[in-house]
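Shared chain: chain A. Partners: chain B in the first complex, chain C in the second.
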Partner chain A sequence: MKTLLRKYGVWVAAAILFAVLPAVFTSNFALTLLCKMGVLIIFAIAYNMLLGQGGMLSFGHAIYFGMAGYCSIHLLNGMAEGMPYFPVSLFPLFGALVGLVMGIAIGYVSTRRAGTTFAMISLGFGEMVTAMTLIFVTFFNGEDGIQADRWVGPEPFGITYGPQIEVYYLIAIWCFLAMIAMYAITKTPFGRMSNAVRDNPERAEFVGYNTQRVRWLAFSLSAMFAGAAGSLHAINYEHIGFESVSAIQSGAVLFMVFIGGAGHFLGPIIGTVLLVFLDSTLADYTEAWLLYLGLVFVAIIMFAPGGLAGLIVMHEPMWKTDVRLLRKLFVPYLLALGSSLILLIGAIGIIEMIYFITIIAVGRVDMHLFSIPIKVNEVTPWLVCTALIAVGVQGCRLSYPKVAESWNDAMIAVKARIAG
Partner chain B sequence: MDILIFSLFNGILYGMLLFMLSSGLTLIFGMMGVLNFAHASFFMLGAYFAYQISKFVGFWPALIIAPVVVGVIGAIVERYGLRRVHKFGHVAELLFTFGLAYVIEEAVQMIWGKVPVSYHIPEVMNFTLFSLYGLEYSAYRVFMLLVAVSMFVALFFLLTRTRVGLIIQGALTYPNIVASLGHNVPLVFMMVFGLGCALAGLAGVLAGNILGTEPGMAIQLGPIVFVVIVIGGLGSLNGALVASLFIGIMQTTAVSYDVSMNGFLNVIGVQVDFDSAWRMLVDLTVAQISPILPYLLLTLMLIVRPRGLFGVRDV
Partner chain C sequence: MSTVLKMADVSKSFGQAEIIRGINLEIEKGERHAIIGPNGAGKSTLFNLISGKYKVTSGTIDFNGQPIHNRRPFEINRLGLARSFQVTNIFPRMSVFENVRCGLLWATGHRYSFWQLVDRQKDVQERTKLILEQLNMSSRADVPAGLLSYADQRALEIGITMAGGGEVLLLDEPTAGMSHSETDYAVNLIRDITAGKTLLIVEHDMGVVFDLADRISVLVYGQIIATDTPEKIRKNAAVQEAYLGTEAH
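Now for the complex of A and B:
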């Protein structure tokens, strides 16, 4: 019983979390947000099957997401006009089929090599499909996209998908199932082979595996789950537009997965929840939100290629051996965080002031920065922000080596504990 | 006939613009294996800097200063950004330049706003040099062409006839051996990256006032430049020239012809006469599908011949 609980406890907790979330966050805004998160979590984990598990960087993965969405919308509209009924609850299966078929076809030609070649082919396909949305108007309907009504046909168990809460549970159930399925895949021999082909294709080839086959299978499966997500996206919004197949969506999922952390199963989930939340809240406060997002992305690539999940997992050996080891890290981490915060406040101040001058209020000088009233035409706020940046940079230079040192010390202690 | 000549001339002009962008990119790729996603962003920076500088001192100083500034920024990006990411592998480098392109676009919007800025052709060049079949060509377009051609000649001379070029060529193929001969290969990388960015900046200065200087200009041109260097063959300057002209002429000719599959079928005597949603597939004109053509070529080339037309090794 205890081992069972330890093994599956996380999933039970996840299921309970999915079930009670709408009861905790009752507002309409929160419900919309949760639905969006659920859809994008499936998409992000599917994308990570390629990027994190398989080492393939795709700039066009939104194709499978978006095309499944378009097909689902057409199916909904077709049902309204008298096509045979297909239960709306099972739409993700239909979307998955669309994604799988496209993934098999496109994957066959693009997975012969990994790395840059693969990335460029994916870019080419992505741009091609985006261009097609404006050309094949009967299918894509150009920039307007297509509408549909998800309330069609018979109503099994009284589920109409009229109210948003029913859609939330549809998304939650499918998201839960997809998470289990994709997690299970990482544990299969195929999942391990996918990692091996990522890390050392030559050796994998010598062991007797066909690397292209492995990549192709990973690609097709990833496209399949992306398709399921796209279908839910279409049901959720009852609309699909060209941006959902375009580089915008492909770039968004890349940002979520990489900022969350491509090396860990939890990474895409953390990234999606964080970015969807920030995107819908911060965008109201600042014009510069997308600039900050880009800067964070670049900073993660340069300083923490494992993403946020990678930063957390770095400390796993410590809390597993002895939680008290983490105590010694506390002070250096606090110092580093403090100096980063000072740097951030200075940088954000300057960026916000520039935005204020050039975009928000051309000609006006009174603004609120961190709710302090200032005048942008005076020297003082600029000077203060520059000074903050200078202090922050110097603080980071002093504190981060200490962080690395204390982390190394803790690791040595862990190793000594294990050996002794 | 005049349509053909018109689109041929415009195609060559557009092609030479593409060449100015792709020459730097192909050198960077050939040498460092880095596909610089932000290359078109440096092109955009060139245009914006030229706009800003020409406001104060006029177009001609801007023509020199703006590319130099862009080149310096490029060198700094290589030294403090890319070199750091290098140890994480090519995928991380690709991601870094992808993020950089994103940041540059947002930063440009922050400084110059989201609407196009009024960056104009210099007055001295704004007259008709000659007209052909009733179509007039401004002196500025011819000047652009001249700059592009002289750039190709200078670059070709630099790479094949000078000592620096010899080292660059060596580092393209065998960076480790060049390093063990005592050359500072990281410095060469930095210089080449800076030079490539400066060339993109120069293209931006020249083209910004014709194409329009706006935050979306990088995204519009970026993918096309990838198509050019892949088709031409990575690291090959001649390949970049041929592919640029090819893509340039193809793009401009395709949009000016209204030939459709249906029209072609009619000519050879097949009548297509059915009425369904698929009807549009045969009614599509070349002009309509022209945005797809470069990407179709890109994927086909990568699948069939990853080394491109003139390349010596695969991507």
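Now for the complex of A and C:
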């Protein structure tokens, strides 16, 4: 029982979480957010099968997401006009099939090469499909996209998908199943060799694996799950537009996975939850939020290439060998974090004030910065923010090397334990 | 004795430079065959030709009667010819256990399977454990391979190579960069774990070569100038002049 719980406890907890979330966050706004998160979590983990597990950077993965969405919308509309009934609850399977077929076809061409060539080909296909949305109007309906009504056909068990809460549970169940499936795939021979091909393709060839085959399979499976997500996306919004196949969506999923961390299974989930939440809340507080998102992205790439999950996982060797090693890192981390925070507050202050005087309220001077009323035509707030930046920068310059130093000390200790 | 590996008139050029110049060599089943020669003689190139990393310019290479020249590395590996690398070539982010396991997944028939959990495959797990025991690394099975010491990474490299159960093993300077005691340990390890297999080995350390090899081929400027037992190679005048005379005393 105990071992069973340890093995499957995380999944049980996840299932309970999915079940009770709408009871905890009862507002319509929260429900909309949760639905969006569920759909994009599937998409992000699917994308990470490619980027994190397989080492393939795609700039066009929204193709499979969006195309499955378009096909699902057409299927809904077709059913409304008398086409044979296909249960709406099983739409993700239909979307997965669309994604899989497209993934096999496009993957055959693009996975023959890895690295930059692969990335460029993916960009090309992405742009091609985006262009097609404006050319093949009967299928894509140009910039307007297509509407559909998800409330069609018979109503098994009284489920109509009229109320949003029913859609939430549809998304939650499929998200849960997809998570388990994609996690399990990482633990199969294929999943392990996908990592091997990512880390050292040459060696993988010399233990009997055709690296192109491994990449092609990873690509096809990833497209399949992206398709399932796209189908749910279409049901959720009852609308699909060209942006769902375009670079906007491809870029969004790349951001989510990178910020969350491509190296760990939890990374895409963390990234999706965080970005979807920030996307819909920060936008209310500041107009400059896309700028902040960009800065966060740059900062993550520079200082934590493993993303947020990577920051956590990089301490794994330490807590596995000796938890006390972590304690020594605490103070340096706190100092570095404090300095960064001071720098951040100063920078945000300056950005917000510039934004205020140039874009939001030209000519006005009264604004609120961190809830403090200030006048932007006075020198004091600018001076204070500049001083904060200066203090923060100096603090970072002093504290960051300390972090690196104590980190190295801890790693040396870990290596000593391993060798001894 | 039967021939497992047969090279006939094998040549390899890179642009104008002819690195391998008409090599004829037959490796007998079960022998330990060393290839020695001065730096730049083409030893690693020869390995890269046999294992499929490079395509031959002319000539043929047969493995158990089947032509393997110009076939791709994974095809050659699947036939039962495995190689190690001069520069350590492992999966540094994976655990020691997983490194070895990657070496035997294809050979145990699991191939591209994405419908079975690999931890549940008894054959794979048992065989991996067995190899780790032979390598003396069972206690470090869960350590990320990149954190191992250099000598241990070299040993792991050999472990990955022999994990697939190939009948012919190509080891490219397995003791390169090792200390004396590490070399001794590695030689014993190689002798133990390759028992019953055909071994083709490139090595700089003469002690290792004369200790381990049944036969030795001397490669100079892309040509084999002698193939014989260690004693006879030691006494061979041409070899002494070309190679041993300058490096060994």
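Heads up, the rule we're going with is that the second predicted complex is superposed on the first by the 394 of 420 C-alpha atoms of A that agree within 3 Å, B and C clash if a C-alpha of one lies under 4 Å from a C-alpha of the other, contacts with A are read in each partner's own complex, and residues count from 1 in each chain.
In this text, a residue touches a chain if its C-beta (ideal position, glycine included) is under 8 Å from a C-beta of that chain, and two chains touch if they have at least 3 such contacts.
Bear in mind the structure is a predicted one, so any value in this text is a computation, not a measurement.
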item	value
Partner chain in contact with A:291 - chain B first, chain C second, else both or neither	first
Which superposed partner A:46 touches (first chain B, second chain C, both, neither)	neither
Chain B versus chain C as contact partner of A:134, first or second or both or neither	first
Partner chain in contact with A:121 - chain B first, chain C second, else both or neither	first
Touched partner set for A:351, first chain B, second chain C, both or neither	first
First (chain B), second (chain C), both or neither touched by A:223	neither
Residue contacts on chain A - larger count, chain B or chain C	B
Footprint overlap on chain A, where chain B in one structure and chain C in the other make contact	none
Residues of chain A that touch chain B when the two form their complex	55, 57, 59, 109-110, 112-113, 115-117, 119-121, 123-125, 127-128, 131-132, 134-139, 247, 251, 254, 258, 288, 290-291, 293-295, 297-298, 301-302, 305, 351, 354-355, 358-359
Complex contacts: residues of chain C adjacent to chain A	51, 53, 72-74, 77-78, 82-83, 85, 89-94, 98, 101-107, 110-119, 121, 124, 140, 143-144, 147-149, 160, 163-164
Interfacial residue positions of chain A with respect to chain C in the complex	184-185, 187-193, 195-196, 199-200, 202-211, 213-214, 217, 221, 317, 414-415, 418-419
Contact set on chain B toward chain A in their complex	33, 35, 81, 84-85, 88, 90-92, 94-96, 98-100, 102-103, 106-107, 109-114, 219, 223, 226-227, 230, 277, 280, 284, 288-289, 291-292, 295-296, 298-299, 302-303, 306, 314-315
